[in-house]
Amino acid sequence: MKKLRVLAGALASAVPALALAGYDVNIPAPKTPISLQIYGLHMEIMYVCLAIFVVVFGVMFYSLFAHRKSRGAVAAHFHENTTVEVIWTLIPFLILAVIAFPATKTVLAMKDASNPDMTIKVTAYQWKWQYDYLNDGLKLYATLSTPREQIGAPDAHGKVTNEHYLLETDNNVVVPVGKKIRLLITANDVIHGWYVPQLGVNQYGIPGFIKDAWFQANEPGVYRGQCSQICGKEHGYMPIVVEAKSAEDYAAWVKEQKAKQAADAAPAEKVSLADPVVR
Amino acid sequence: MEASHAHAHDDHHHAPTGLARYFTTTNHKDIGSMYMWFSLIMFFVGGFMALVIRAELFQPGIQIVNPDVFNQLTTIHALVMIFGAVMPAFVGFANWQIPLMVGASDMAFARMNNWSFWLMPPAATLLVGSFLVPGGAAGSGWTLYPPLSIQGGISVDMTILAVHIMGASSIMGSINIITTILNMRAPGMTLMRMPMFVWTWLITAYLLIAVMPVLAGAVTMLLTDRHFGTHFFNAAGGGDPTMFMHIFWFFGHPEVYIMILPAFGIISHIIPTFARKQLFGYSSMVYATASIALLSFIVWGHHMFTVGMPAAGNLFFMYATMLIAVPTGVKVFNWIATMWRGSITFETPMLFAVGFVSLFTIGGFSGLVLAVTPVDITLHNTYYVVAHFHYVLFSGAIFSIMGGAYYWLPKWTGHMYDETLGKLHFWLTAISFNITFFPQHFLGLAGMPRRIPDYAPQFTEFNQISSIGAFLLGFSQLLFLYVVIKCIRGGAKAEAKAWEGAEGLEWTVPSPAPYHTFETPPQFH
Amino acid sequence: MSSTTHDVYYVPAPSKWPVVGSTALFLLACGFISLLHFGHTQGVVLLGAGFATLTYMLFGWFGNVIHESETGKYNEQVDASFRWSMGWFIFSEVMFFAAFFGALFYARQMSVPLLGDVDNQLVWPGFKPGWPSAGPYIGTEFHPMSAWGLPAINTLLLLTSGVTVTWAHWALKAGNRTQLNLGLAATIALGLIFLFCQMTEYGEAAFSLATGVYGATFFMLTGFHGFHVTLGTLMLIVILGRCLRGHFTPEHHFAFEAVSWYWHFVDVVWLGLFVFVYWL
C-alpha cells in the first residue's frame, strides 16, 4: 500500500508540472504543405482511434460492471453469431478505407520530387552533415555546436543552460522560403536519417545510394531536427538546423558564403565517395 | 482418469535426481518449468538494462553511462527481452500446456525438446557475455543494420552466433510443437475442437519455422560481409544495406506476431474462465489468427517507409499493414462478446486479461497510426515507436505471460497463489506501466529520436515521468517473483479444477499435474 | 477407455545427449569467434573440441535412436511424428535458401539497377548496371560461370541421383536388398562425383567470394548447397551402412525415406541454382 501512495504522489506531482510547462503533446507546428497534410492525417486517425476506443471499451467496461458475478449475473449461453462477425469485420475495413484514401494522396505528393526550384545534396558522416548546393555551387559542413563541456554537466537542478542544447549547429542549412527544395540524401559511412519534423521530411541516407526527398517551407523560420537512425556513439549529437529565409536574404547569404569559401585558404576537403564503407 | 496409473514403459525407473535430472530430463513439465525460470531471469536481466537506460534518460546530459554503453544497453535489452524473455516464456507455456491440453503423454520428441531448452543458456551467455569483451556489446540496435553492425567488434560476432543458436532452438522447438499438435491429439479432438492456445501455437510455430531460417540467413550474410569479403550489403560491390533491412524485416514483422499470437491464445482461455461463459466466435478466432499470420508476411515494409522505396512500395505496405487491424479487431470484439452477459469475477489472471485487451489495443492503435506512411515519416524512429511497441510487447505479451502464469500456477504447483498480493502486483504493474510508456507518445510526437542517451531540454519532463514509472514498474516485478516463490512453497491446496469456470483437459488431471499424464490418451468429448 | 487401439507413445528415458550437443555448439561458437579474433591456436583447439563433442553426440544420439527403432519401440504414431517433423524441417531449410535467393533477386532486380540510375551518377559516375555485376567499385572485369560446362553435367548427375535413390526405395519396398544396396551406392557415388565437380569448378572460377555481389551470391548459394549435398551424402552413407547390416523392412523404413526426401530437396534447390545462378 505504501508503494501505491508513492505512486499516487508521483502522479499528482506530475500533473501540475505538465500543466505549467504547457508542453506540446502533439506534432510540432507543420510548416510545409506536406507536413500540414501529415498533421491533418494524424489528427484524423487519432480521433478515429479515440472514437473506436471509447465505443469498444465503453461496451467492455459496461459489461465488466453490469455482468459481474457479485451483482448476481448468471452467464448466458450464446457463443456464436455469424452476422455480428461479418459486421465487425466489415466496419473496421470501411473505416480503414476512409483513412487510406487521403493517406494515398499524401504519399503520392510526398514522393513527387520532380521540378524542384533548387537541389541540395546531403551527405551524412559519422557525425556531421555535408550540404552541397548543386545550383549555387556552395558546400558546407554542419556539426553540433553545443559546447562539449555542457554535455556531461547539467547544472545543479539537472537543467542545461543552453537554450538550444543539442539542437544547434555551427553552419545552418539556409534555404529560400516558398521554393521547392529537392534533397539528394546519401551517407558516406553508415546509415543516417535526415529528419526535420516541421518540414515533413525523414529520409535515410544510405551509403552508396542517393535517395530523394523534398520540402517547401511556407514561412521564414528556424526548423530543428536530428539524425533519425542510429549511427554509432554520437548518433544523439548530429542535429539538423534549417533556416528558411526570404529570397533576398537567401541571395545575400549565398553571396556571403561564396566570399567566405573563396577566402578560405584551403580548398574544400575532397571526399572520396568511392569507398562508402569505412572498414 | 486413468492418467495417473503406473506407466507402462521401463525407461523411467532410474531417472536421475538433483541437477542431473534437469540436464537429462525428457519430461515436458520439467522442460516447461526450466523455460519459465530462464525467461524470468532474462526478464530481470533485460529489465535491469532498461532501468539503466531510464536512469540515464532521467535528465539531459550524460550522467551514468557513456553513449557507447548506452547503445549497447539498448541493443542487448531488446535482444534479451525478445529472445530471452518473451519467446522462451511462450515456449514454456507450450511445453506445460500443450500435452495437457491435447491429451498427449509428452511432446512428440522429448529428447530434442530438452535440447531446444539447453541451447538457450549458451546463447544467452554469448549475448549477455558480450558486454565483457573488448569493445563491449553490439551497439547497433537490435535490428543490427549494416554498415553500423559491420563496424562493430567481437561482440557482433557473438551476437550473430547467439542468434544462430537461438534460431536452431526455436526451429526445433517449433517442429516439436507442430508435430505434437498435429499427431498427438487425443482421439476425438479434431482440429476445430482444439483449445485456442493450441491453435495459436500451431500458427506461431509455423511462423517461426518460416522466418527463423531467414533471420539466420540474414545474419550469416552479415558475418560473411564482416569477415569473408562478401558485398551483400555494400554498394561498392553492388549490394545494398537496404537489402539487409528487407530480409531482416521479412523475419522481423512475423516475429512480432510470434510474440503476440500465443498471448492471444492465453487470453482466450482466461476470459471465458472468469466470465464463466464459452469463448465467443471460436472459429472466427481461428480464422482471424490465421489471417494475421498470413498477412504478417507481406507488411514488413512498414518498418522501411523512410528508406526511400518507390511510392508503389510504400502504398502496398501501408494498405497491407492497415488490413491487419481487421482480424485483430475481430479478436478484440470476440473477447468482449465473451465477457458480455457472463458472470464475471476479477481474480488476478482476469485482471491481467482485461488489462491486456485494453492496453494492447492502445498499442494496436498507435501501430495503426504508424502504418499510415506519411504519419510514419514524422514518427519513425522517435519515442512514439518505442511507446507503440512497449504497449504491444509489455502490456501485450508480458501481461499475457503474467496472467497465464497466475492462471496455471495452481495446476503447476498444486497451490493457489496469494490473491491479495497478485492483485496488488497487477495494479502496481498496470499503473506504473502507463506512467512509464504513455508519456513516450508525447515525446515521439514532439520529435525525440529513439536510441539517444541525451536529449534537448524540452523533452525533460516527460522523460522524468517515464523514468520514475520505469523504476516503479521494475521493482513491482520483484513482487511477482515473491508471489511465485510463495506459491511454490505452499498455500491453499488447489483443486484439480482450480477455477470454477475453467474448461479443458488440463483441469481433469490433479493439481499439481502428476509427473506423467495421459500415458494412454484420454477420450475427448 | 483403455480399450483404444492406440498403444503407448514412446517417450525416451532421460538422456545426456542434448546437453552434450549444446556444449558442442557452444564450443564451436567460441572457437569460431576465437579464430576470427584471437589467433589461431586457441580457435583451432576450441573448434576441434567442439567438433569432437558434436561427433560424439551424433554417434551417441543417433545410436540410441537406431537402437530404439530396431528394437521396435516406435509405433505407427511415432513414425507419423517423424514424417511431420522431417517435412517441417525441410520447409525450414527451404526458407533458409529463400533468404539467399532473395538476396540474389534483390541484387539483380533492385540494387544493381538502382546504382546505375540517374541520381546515383552523382555517387558512381559512369557505372553501367547489368548482370552479372560486381558493383560500381569492385567491378573489375571477370568471367562469370557459364551454365553449360560443369554445371550442366552436375545437373545431370543430381537428376540421375534422384532416380537412383527412388530405384533403391522401390527395391526396399519390394524386399530386394541387392538392388537397394546398389541403388544407394550409386546415389552416393553420384553425390561424390557432384561434389568433386563442384570443387573443380570452384578451383577454376575466375572470381571469388569478394567479387562483389555476384561473387557473394554465387559462392554463398552454391556453397551452402554443396554443404547440404555433403550432409546428404553422409546421411546416405549411414543409411547404406544400416542397409548392409540388414536394418529396415519393406513396411518400416522412415529413416531411409527421410534421407531420400532430403536428397530430393537438395536436388530441387540445385535446379533453382542452375536456372537462376548459372543460366539466366
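We just call them A, B and C in the order they show up, numbering each chain from 1.
Just so we're on the same page, a residue touches a chain if its C-beta (ideal position, glycine included) is under 8 Å from a C-beta of that chain, and two chains touch if they have at least 3 such contacts.
Values in this document were obtained by computation on a predicted structure and should not be read as measured data.
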item	value
Touch-based graph of the chains, sorted into line, ring, star, complete or other	complete
Chain nearest the overall C-alpha centroid of the shown protein atoms	B
For chain A paired with chain B, centre-to-centre distance based on mean C-alpha positions, whole Å	29
Separation of chain B from chain C, taking each centre as the mean of its C-alpha atoms, in whole Å	31
Where chain A and chain C are represented by their mean Cα positions, the distance between them in whole Å	46
Touching two or more other chains - residues of chain B	234-236, 240, 242
Residues of chain C engaged with two or more neighbouring chains	114-115, 123-124, 136-137
Contacts with 2+ other chains: residues of chain A	208-209, 212, 274-276
Residues of chain A defined as touching chain C within the complex	121, 184, 186, 208-210, 212, 273-276
Partner chain C, residues of chain B touching it in the complex	2, 7-9, 11-12, 14-16, 21, 23-26, 104-106, 108-112, 114-115, 117-119, 121-122, 125-126, 153-154, 157-158, 161-162, 164-165, 168, 171, 174-176, 178-179, 182-184, 187, 209-214, 216-218, 220-221, 224, 227-232, 234-240, 242-243, 246-247, 250, 519-523
Chain B residues within the chain A interface of the complex	58-63, 66-68, 71, 139-141, 145, 147-148, 150-151, 234-236, 240-242, 275-284, 306-308, 310-311, 314-315, 318-319, 322-323, 325-326, 329-330, 332-334, 336-346, 354, 357-358, 361-362, 365, 368-369, 372-375, 377-378, 380-382, 427-428, 431-432, 435, 442, 445-447, 449, 451-458, 460-462, 465, 468-469, 472, 475-476, 501
Residue ranges of chain C in contact with chain B within the complex	1-2, 4, 6, 8-19, 21-23, 25-26, 29, 32-33, 36-37, 61, 77, 80-81, 84-85, 88-89, 91-93, 95-100, 102-103, 106-107, 110-112, 114-115, 123-124, 133-139, 208-217, 219-220
Complex contacts: residues of chain A adjacent to chain B	3-4, 6-7, 10-11, 14, 17-18, 21, 23-28, 34-35, 37-38, 41-42, 45-46, 49, 52-53, 56-57, 59-60, 63-64, 67-70, 73-81, 84-85, 88-89, 92-93, 96, 99-100, 103-104, 106-108, 110-111, 150-154, 158-160, 163-167, 185, 189-191, 193, 195, 197, 200-204, 206-209, 211-213, 225-237, 274-279
